[in-house]
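Before any comments, here is the structure.
Residue numbering begins at 1 within each chain, and the chains themselves are lettered A, B, C and D in the order written.
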Amino acid sequence: MAGSSFGTLFKITTWGESHGAALGVTVDGCPAGVPLSAEDIQAFLDRRKPGQNAFTTKRNESDTVEILSGVFDGITTGTPISMLVKNEDQHSKDYGNLAETYRPGHADFCYDEKYGTRDYRGGGRSSGRETIGRVAAGAIASKVLKMLGISFTAYTKSIGELSVDYKNFDASEIMKNAFYMPDADCAAKAEKYLELIMSERDSVGSSVECIVRGLPAGIGEPVFDKLDAKLAQAIMSIGAVKAVEIGDGIDVVKKKGSENNDPFTTNGDTVTKLSNHAGGILGGISDGADLLIRASFKPTPSIYREQQTVTKSHENTMLEIKGRHDPIIGPRAVVVVESMCAVTILDLMMCGATSRVDNLKKIYG
Amino acid sequence: MAGSSFGTLFKITTWGESHGAALGVTVDGCPAGVPLSAEDIQAFLDRRKPGQNAFTTKRNESDTVEILSGVFDGITTGTPISMLVKNEDQHSKDYGNLAETYRPGHADFCYDEKYGTRDYRGGGRSSGRETIGRVAAGAIASKVLKMLGISFTAYTKSIGELSVDYKNFDASEIMKNAFYMPDADCAAKAEKYLELIMSERDSVGSSVECIVRGLPAGIGEPVFDKLDAKLAQAIMSIGAVKAVEIGDGIDVVKKKGSENNDPFTTNGDTVTKLSNHAGGILGGISDGADLLIRASFKPTPSIYREQQTVTKSHENTMLEIKGRHDPIIGPRAVVVVESMCAVTILDLMMCGATSRVDNLKKIYG
Amino acid sequence: MAGSSFGTLFKITTWGESHGAALGVTVDGCPAGVPLSAEDIQAFLDRRKPGQNAFTTKRNESDTVEILSGVFDGITTGTPISMLVKNEDQHSKDYGNLAETYRPGHADFCYDEKYGTRDYRGGGRSSGRETIGRVAAGAIASKVLKMLGISFTAYTKSIGELSVDYKNFDASEIMKNAFYMPDADCAAKAEKYLELIMSERDSVGSSVECIVRGLPAGIGEPVFDKLDAKLAQAIMSIGAVKAVEIGDGIDVVKKKGSENNDPFTTNGDTVTKLSNHAGGILGGISDGADLLIRASFKPTPSIYREQQTVTKSHENTMLEIKGRHDPIIGPRAVVVVESMCAVTILDLMMCGATSRVDNLKKIYG
Amino acid sequence: MAGSSFGTLFKITTWGESHGAALGVTVDGCPAGVPLSAEDIQAFLDRRKPGQNAFTTKRNESDTVEILSGVFDGITTGTPISMLVKNEDQHSKDYGNLAETYRPGHADFCYDEKYGTRDYRGGGRSSGRETIGRVAAGAIASKVLKMLGISFTAYTKSIGELSVDYKNFDASEIMKNAFYMPDADCAAKAEKYLELIMSERDSVGSSVECIVRGLPAGIGEPVFDKLDAKLAQAIMSIGAVKAVEIGDGIDVVKKKGSENNDPFTTNGDTVTKLSNHAGGILGGISDGADLLIRASFKPTPSIYREQQTVTKSHENTMLEIKGRHDPIIGPRAVVVVESMCAVTILDLMMCGATSRVDNLKKIYG
């Protein structure tokens, strides 16, 4: 089946394997008239690029994007935008023993069960490099949303037991530390913590949060394409995500209605809320407050410790993984979460643009 | 936009408002040759029917289903199956004051912002009664999956601070208590707890878990229609859900790779895992282990306490909600969660049936 | 697979069999704010109702529509509009012998090959009654398009050897004769001709044309969802259609470029064309001229003459069809063609409303 | 909106402009286990390559395909197959005057009306080069279908007034003449005829036919995704097509039921038909007979004669087109028609593989 496309009007289709010739994405349905350059895309890709510090894989890729279609004279034309990143630093030999052995926590076994065959080099399609297409598309969606006054703040919230202290929250810190954390103090602790984890040849989990500001009320399509439902699909589709939360998330289980309801208030003109436990979404539709979404990432499954597993020919074996791997997934996934949020929101805004007949008249009247 | 359909090959389209003439669903793409009767559907609907005990709304509905098409001589024909449930006990007058006032925690404000108009009677389309269509469709999907050896165990896991003790887990208890809990002791405590909540004119949150057994490895479509991604959409699209977790869910954040990876093992024939932190899904594809998914439901937003809010004409006001409301959402949503899992899984199994060219030959060769 | 839905934003899902309990359609994604009543729908359904003259089946159905959802206080709310027509005059016994025998020219054999089972009563899902859902949906699409200044003129162009003379074209004649022909003289001849055909216990082919006026330039989505491509799917999906033509249609084969190109001209303000061989579509996008589409309907396959065929158990046999059948399909299909055009065009207009980023700003800015 | 994707399970997404960096396609959902090489694709692309004889544009392109993903060790892996063809011989200067002037018969005006901007070089996205992606995808679909015993015979049927004589039909002739005609005599006449047309600086229309053999009965999804309906969309979406016919096509209008019905017959085992007016499709589902589809192509709109038209700034003007253009579209479109048929049929076969619950058991049981 075809599962590589996402979106209805703003539709992205990604392709490519970790050690193939290239990876890429086609963005179909981008509105015409948006100024767009390779630099816009590159700025996003650079945020997920490997080899930038001690806590990411040493795979050395420039991840340079080429725009092959859909942009003319620096402006989107409304036709599909094809983008491509060539693979460069492929140590495919490192993966030779993985042709026959299933890595625990990875999809190797599942791919073989599903397809009967598998590109075993570096995880193939299930590699984290698959997100290159998502991020390139997200850069475009973000640019369009910015034209509509909508902005994103995404960051690593937790690494193992360490968690950002909201009292220290400083958005300007996010781009200054290796973990994209909005709390310099927490980032410093995380550095020590990660060094310990790495010395133990282990990895650790993490969580990423994304705040969307400026989103108007009314976005989201009842009942299956609700804003939170599509965001949940978008975020859960990122490799290693095991939980998606909106607003107070799982904390709502222990709360009472009188605590959880956000009272509405008005200055006579705008309607706002006195609190935002709902994370900006009610009944699957944006309510005009900040949208808050959180993703829980499992620890990197590739660890250097010896692990029990089985071979393709169904024999028990012990495996020691080689290759190059991050000890943590969250930080490099921050821009992926942001990108998937942007793609989802822009698509739903386009889909919802004709929810009133008066809007149709505005366009065609 | 059209957001009322879910699924690619097994596609459901629901319709209907809380106080309209009827609610229903069209199930398109159900395979031919499945024995099906109204009783099969009714058994599922009865599990979400209101008025069954002290802890559900007193709205008295028989919720009797009619099958209008797609079944001939007791067998599905492959054509769309239209099902309908008439609304009966409508106290629409109770909702008169809601025409002009936005209930906190509800979608009233968002619908008005989106559509410029709204059926305010009982929440209209955003009412919990909307799930009737989901459950009727889920009954069919479950029946098909049962023919393939796949079964579901869904239950309430937590109510406020109370949580099922897995040491007491007894699946046969689930249908015996008002809360669909697999732990008689916990259910007894919940009864007292809910009485207290109700005496406070308040409501409380809850969580629901669903275990899927017998699912073969290989189900789920990389990269956007992964099994967990589509389940996340399906479950998050249920009203009041604020978090979706797979396997260990948010607990993975604090775990190390060496703890979280599930080692593979084999008896030479079948491959299994020594643990199941992943909840049966790796890389978005089922791994043959039990699938575990969990949903967090917020407390019922309709509470009998006075709340601060605004009117449609943007004036501040105080609101006291009347009408009939459950003090908790989870228990009646257990069958909804199970239904959405069934619908999602069957659709992905149908979509993935042709993932190998050898399978195409099996069908057409 | 699910093939009963059509459209992306304005999505219709039809259901129902000829001799089941009812037939219907769910229209999902209709913009909110459209005044709509059962009368609006009924006026369309009455145009395809059987039993109105000597040249249609004597099946006596009122085909009364019920609107079950999506309309509140006479206005569409943006939620799915479910509509239902109950079957009344079912002579299912007439079809008893068809359980075992495949009618030539019908889909009986194909349904059995596909599904392994079949509702044989009156053609089941492949009956012309299936179009009830299309027409009910078309009535809504037409109403919305009318609000945007777009109107339809659909009529029977040819019956067997007889064809409308464009010199006599009078749109006001269309509703005055049994064949919905815009040429009173041709209609009178057709009456005699059909009497002859019926006396021979035979049937005859026909063609239907639809002209769409007021359509703005710019509608249609390259490259697979072009306006003509989606119209072709929509019209070819109507039972018995064997050809779809746009503008000059098959006549373009014999023409030269210098004859077929429509020169553009302008009064300095509006751009128009000096001819319209293209039928209002260039490159799959509307050009602002009248859209012209034509469908060729095969003769009714149900004839009263004895025919050679086979049984379900694969034995040769002779078949004499009983039951009630029209000797010609086109006239009752006029409103079906118009409806499918309306549904297709409205959907593409909604999809294309965000083709420019400036339009997004108009809605959300 | 996103209109560049086609198909549900076997989904193709094309991109690229005539004078951009490259054109390509992503084929998502191709079953795993299919042997595939660049040569398989190139053989198809070479059939539509320009510059091969006196009757095609002199644009000199090698149109060499690169496979960038989805194939490993010569076998499809089930992941998206990305293919790319670089543009080489771009005489973009030839198109300079087209930035401001709308060519009659082309989509220039419509693109500007739709998007407010346009890549005017060589028609941009509306160029015939857009079909490169279709053909590359069609090569893959054809290869899979061949494994299932299904084959295609496509050819030019008519050029202007000249038409193939079925008495001379010789499939082995198709690849031997410049027009892909199965009648050497007709091809010879066409050569003279085209020379005349070219000397008149004019162009002429044509028709293309495709016969599909070996297609099992039962393919096609009622009611909107019927085999003929999806084929009609697929074929009408090819540039310059103005009519699509199945079987006897528009000739059915003048026929009687007793002439048009194909009698069934059986040898006790297989069911066949004594004639095939239906072109292998009944009720939108394949009936096991040869499928016959026909497309009518308008004359190439680019002619070297002076034509009346308007400018972008809405002034009347006269236009003389330069650049390199075929005097006829059909012959080079033969492989495009075949490709779109293959893509459509494979997708519907995959979608229909689970139409019976017994088939699901065959795969998962």
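Just so it is clear, a residue touches a chain if its C-beta (ideal position, glycine included) is under 8 Å from a C-beta of that chain, and two chains touch if they have at least 3 such contacts.
This structure is a prediction, so every number in the text was calculated from the model and none was measured.
Chemist: Keeping to the contact definition above, tell me which chains border both subunit A and subunit D.
Modeler: Per touch definition, common to subunit A and subunit D: B, C.
Chemist: Taking each chain's centre as the mean of its CA atoms, which one is most distant from subunit A?
Modeler: The chain farthest from subunit A, judged by C-alpha centres, is C.
Chemist: Count the C-beta pairs in contact for B-C and for A-B, then report the pair with the higher count.
Modeler: A-B
Chemist: Determine the centre-to-centre distance between subunit B and subunit D, using the mean Cα coordinates as centres, and give it in whole Å.
Modeler: That gives a centre separation of 44 Å.
Chemist: Centroid of subunit A to centroid of subunit B, CA atoms only: how many Å?
Modeler: 26
Chemist: I'd like to verify one number: the distance from the centre of subunit B to the centre of subunit C, where each centre is the average of its C-alpha atoms, in whole angstrom.
Modeler: That pair's centroid distance is 38 Å.
Chemist: Two-or-more-chain contact residues of subunit C, please, as numbers and ranges.
Modeler: 1-5, 8-9, 14, 32-33, 78-79, 114-116, 125, 216, 222, 350-351, 354-356, 358
Chemist: Which bits of subunit A are touching subunit B when the two form their complex?
Modeler: Checking each residue of subunit A against subunit B gives 1-6, 8, 14, 102, 104-107, 109-111, 113-116, 125-126, 130, 158, 160-161, 197, 200, 202-207, 216-226, 228-237, 239, 241-250, 252-266, 268-269, 271, 274, 277-279, 282-288, 296-303, 305, 307-310, 314-316, 348, 351-352, 354-356, 358.
Chemist: Once bound in the complex, which stretches of subunit B touch subunit C?
Modeler: My answer: residues 1-5, 7-11, 13-17, 20-24, 26, 28-29, 32-33, 66-70, 72, 75, 77-82, 84, 114-119, 124-125, 350.
Chemist: Which of the residues in subunit D come into contact with subunit B in the complex?
Modeler: Going through subunit D, the ones touching subunit B are 8-9, 31-34, 76, 78-79, 144, 147-149, 216, 222, 349-351, 353-365.
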